[in-house]
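One chain, chain A, appears in both complexes that follow, with chain B as partner in the first and chain C in the second.
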Partner chain A sequence: MSARLARGLRASLFWGPVALILVYMTIPAFVVLMTSISPSELLEFPPSGFSFRWYERAFSYPDFQNAFVNGLIVTAFASSLSLLIGSAFAYLVDRYVFAGRAALEAVLASPLIIPHFTTGFGFLLLGADLGLGQSYAVVIATHVVLTLPFVSRTVYVSLRNLDPALERAATNLGASPFEVLRRVTLPLLRPGMVGGWLLAAILSLTEFTASLYVTAQRTQTLPVAMYTYVREYTDPTIAAISALLIIFTTALMLLANRYLGLRRILAIDAH
Partner chain B sequence: MRPRPFFLCFFLPSLAAALLLVAALGEIAQYAFRVFTPGSLEVGGFTLDNFARLARPIYLSVLGDTLLISLATSLFTLLLSYPVAYAMVRAKSDFLRSLIMLLAVTPLFTGEIVRTYAWILVLGSNGFVNTVLKSAGLIGAPLGLLYTRFGVIVALVQFSMPVMIIILATTLAHVDRNCERAAANLGAGPAQVFRHVTLPLTLPGVVSGTVVIFAWTMSAFSTPQLIGGGKVLMISNLVYLQGLSSFNFPFAAVLSLLALAVAMGSLGSIRPFVSRLELKAAIN
Partner chain C sequence: MKAQALPAVELTRVSKNFDAVQAVRELSLTIRKGELLTLLGPSGCGKTTLLNMIAGFEVPSGGSIVIDGRDVTAVPPYRRETGMVFQSYALFPHMNVFENVAFGLRMRKMAKVAIERAVGRALEMVKLEGFASRRVGQLSGGQQQRVALARAIVIGPKVLLLDEPLSALDKNLRRAMQLELRELHERSGLTTVFVTHDQEEALGLSDRIVVMSRGEIQQVAAPLELYRSPANGFVASFIGEINRLPPARCRIEGEEALFEIAGNVVLRARRREKLTIAEGQETHLFVRPEHLTIATGKSSAQNKVSCRVTTHLYQGVYTLTRVDAGPLGNLQLRALGGEVIAAAPIGSQIEIDIDLDEAVILAG
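Entry: the complex of A and B
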């Protein structure tokens, strides 16, 4: 009995703090959700009523409408380009030996280390000197470079886990290298590529710091427009957008976990 | 030598992306040595003055604050993340493991602005914490949590935890459970097993996670910008002020290079350390 008690005590000594830490991690999201449906401009707990007025305002605010469309354009191009380049790069690193490979790897992984404001500032200067200004091309290039390490890592992990016997078998049965790539390798890589593309899209959609540098009023993305709004107004309109983004990403995570396995995308599990 | 079909198809896109990034960083390096002309975006000839300006007390104190905040953030992040990562990897039920992972990792993907704004709602003078404390009768006047280093660190720790948890969970998942079982069989209690077996085996993850978070916090922008509200300045905020408010591109470039050097230096410093630890863990 006392042994069981001791074990129970020990378990609660562990799980109690873990639960508290998880509360700390999730409470901001809950506060955002609560604020977004509150009718009042001020924060109240519990909310005095229920209203969608902040959602209406968020949807009808022209800056957000433009920024949302801009963001979708940038994300669509950036994540797709990132997928193409990142997959090609992962394949390159996995399959080929060539001079300068280590240098190329170091450069393309470096956005993980380089502060986003440095990358953004660099692309701002580059865009200015190339006469491109703060155009879509510059924004998209910045997002491609920033998301590339995530795509190539995810695809690389899938490549490593791929059974080389399958490709050899196809070759032995007479498939040309192109056919092997198209009918064996690519289909086997699809989960990793979808995961990488998803990661790139989310990161691009929510990227803020570098975007602040490389976007202008005309090309600004949603996070930049939200930042501008927060600095000018204090009402909970941003809570409504934030709530939608939180719900959207949570749903996406649930789906990704269900169909692709979050642990695999994040490369947590031991192989 | 294996045949190399399609080498160029795979090589050229990667090369193009790498060259773009190198060009962007080259621009920063180039601007750092140019003379700033107030009121103009055009820069003048070659100079080292921009670097000398770093030694002014105001910039040194911002650098000191940045290091202090990054250090505190990385240590608190480690302390809070370890138990969560442990629970995420070791919980017996599948459902619980998935739940913890979703709760722990999702904040990473909502974006800086959403996360920062959320903390403004939590920490503000009419915010969640103050409202709850006031209605519980614990405080009379609202606590000033926003615009303080404390508030900035509280928010930064929450942002950093998903990354730390992923790194620690990866390391924990690779720990050979037989080592723990052997220790337990030899009479070690759960606390001893953890202290003498599990913790040492996960030390590489602990060290690399802490340094990664340190470097990542060094480059945090929106949190000190919005939660610090101009009262807490980090290097990132100075770059923004110099670059996009004063249009002093040369000095902003110097500050960017400094941030880059600190980030790369701190991450570079763990490379030999981590491999040595891994080696040590493998031998013992």
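Entry: the complex of A and C
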């Protein structure tokens, strides 16, 4: 009897903290989700009823519509460019020994250290200087810089995991360097590249701090539009649009996980 | 021995340096058409580097490589028409068995129907009919090995290169694959270069063995010749097990050669024609464990040495017995079966007979 008790105690000692951590991690999202279905005009928690009216407003509010489309445009270009540049850098660092390789790696990782605030501010000044203002180009350039370390790292991990004998085998069987790249290297890197692209897309879609600086009314992304909205209104629309963003991003994350496994996406320090 | 034909591969004074390290030094070697040649040596002897230079993965620092009459020293690996099997097999994980084997033919722009026929034949050759649509990951180690072989053979390479292909397999499977490899070679008639550090494997598989050490060839010979007349001490100790006796001084007496060891032991051997050792010269004697026997009371053997038994290593077919032979040092005997364990218990004093007729005698 006492053995069973001890086992029960041990189990609760394990599951208790785990449950607390889970609650702690998800409670902000939970509160937002609950608030978004409240019928009340005011932000209230817990909700006093159930209604989808704030979702309707979120969908029909023109600023959000535009911002969502803007976000998709920026994300599509930024993640694709980031994938292209990040893959090239990863390949360079993995395959070649050259002067300044360590420096290149440091520069690639720098967005992890430099605050988004600084990056955004820098691009704002630069954009103004070049007469680009707060155009899509500037927003996309900013997002490329911010997502690059994640993409290049993901591709780099995939490259490291690639057995060099596979490329040799293909070469030995008569494949020219281009054919080796096309038929062996790229197909085997595809999961890493798709995962890297999705990761960049998620980061870009939800990026706020730097975007606040480099976007204008015309180019603003969803998080910026949400911020603007909160400054003017205090109804649960903001909770609804937040919930939608969470759901959309989660879907992307699940997709990324299918391709790559979260463990590998988040493996900032590979090997 | 195969008829004298045009050489399949000709290496002339080939060298390879990695920074300050000389992996291969001015090595010359002719590989005959249709033979199975083994590059044998300890790790770091340069055998894999040599193989990679034939395949074109390493560019020689000096010398020339000719395959089938064409100088390929500057030809990239994908235009050399060699077929390589890698230690890790290196099967393409994103392709099934058929696509793996067909890869080389697709690169050669062969017609689809012809590819299907050729792949079918190759899979049949390695006894993998019916596996064409399997994923590579579903195959056992031995099956992956065969796919790798089929993939290399199907392109009809000028030379088949095998880089320690059996080292990842367990012992039983390894033995079975050795037999299959030998049979496959008989059937295909492909010139084959096999790299290994396992001397038993080399002895069993090869037409000729190239023993390498420190980037140089120590000896090139057929297995039997290599085992019975190694060219030097390195080869003698590397191929099979052998007892190295302390340095001896040689004296010729009529039809006999006498070897004086450590001042007080004298071993006798019949004089051989090949023996080119002069009177009084320092020599080294190498004796295989199977040429040491426990002397029975009646035997008229001439090289009786008394010693103490220290260990028995029972191996099934034979037993390896270690003895302390005083001035001759520690020696190993090989006796069939396991009777020796009871006949000469550990710690007992016995007399052994050293048969020098098959001994390797090298000038110091």
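Simple rule for what comes next: the second predicted complex is superposed on the first by the 248 of 271 C-alpha atoms of A that agree within 3 Å, B and C clash if a C-alpha of one lies under 4 Å from a C-alpha of the other, contacts with A are read in each partner's own complex, and residues count from 1 in each chain.
Keep in mind that, in the parts below, a contact is a pair of C-beta atoms (placed from the backbone, for glycine too) under 8 Å apart; a residue touches a chain by one contact, two chains touch by 3 or more.
These figures come from a predicted structure and were not determined experimentally.
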So, on chain A, is it clash or fit between chain B and chain C?
fit
Per the contact definition in the header, classify A:174: touching chain B only (first), chain C only (second), both, or neither.
second
Identify the partner contact of A:188: answer first if only chain B is touched, second if only chain C is, both if each is, neither if none is.
second
Name the contact category of A:69: first (chain B only), second (chain C only), both, or neither.
neither
After lining up the shared chain so the two structures overlap, which partner does A:9 touch, if you call chain B first and chain C second: first, second, both or neither?
neither
Quick check on the superposed pair: does A:117 touch chain B, chain C, both, or neither? Answer first, second, both or neither.
first
Please indicate which partner A:29 is in contact with in the superposed arrangement: first for chain B, second for chain C, both, or neither.
first
Touching A:206, do we find chain B (first), chain C (second), both, or neither?
first
Just chain B (first), just chain C (second), both, or neither: which does A:226 touch?
first
Anyone got the angle at chain A's C-alpha centre between chain B and chain C, nearest 10 degrees?
100
Any idea whether chain B or chain C touches more of chain A?
B
Could you grab the smallest C-alpha gap between chain B and chain C in the overlay, to the nearest Å?
9
Mind sorting out which residues of chain A both chain B and chain C touch, each in its own complex?
177
Which residues of chain C touch chain A in their complex?
55, 57, 76-79, 81-84, 86-88, 90-94, 103-104, 107-108, 151-152, 155
List of chain B residues in touch with chain A within their complex
3-7, 9-11, 13-18, 20-25, 27-28, 31, 41, 80, 83-84, 87, 89, 98, 100-107, 109-115, 117-122, 124, 126-128, 131-132, 135, 158, 161, 166, 169-170, 173-174, 190, 215, 218-219, 221-222, 226, 236, 239-240, 243-244, 249, 252-253, 256-257, 259-260, 263-264, 267
Enumerate the contact residues on chain A facing chain B in the complex.
10, 14-15, 17-18, 21-22, 24-29, 31-32, 35, 42-45, 84-85, 88-89, 91-92, 96, 98, 104, 107-108, 110-111, 113-119, 121-126, 128-129, 141, 144-145, 148, 177-178, 181, 202-203, 205-209, 212-213, 223, 226-227, 230-231, 238-239, 241-242, 245-246, 249-250, 252-254, 257, 262-263, 266-270
Listed in rising order, the residues of chain A that touch chain C in the complex are 163, 165-166, 168-177, 179, 183-184, 187-188
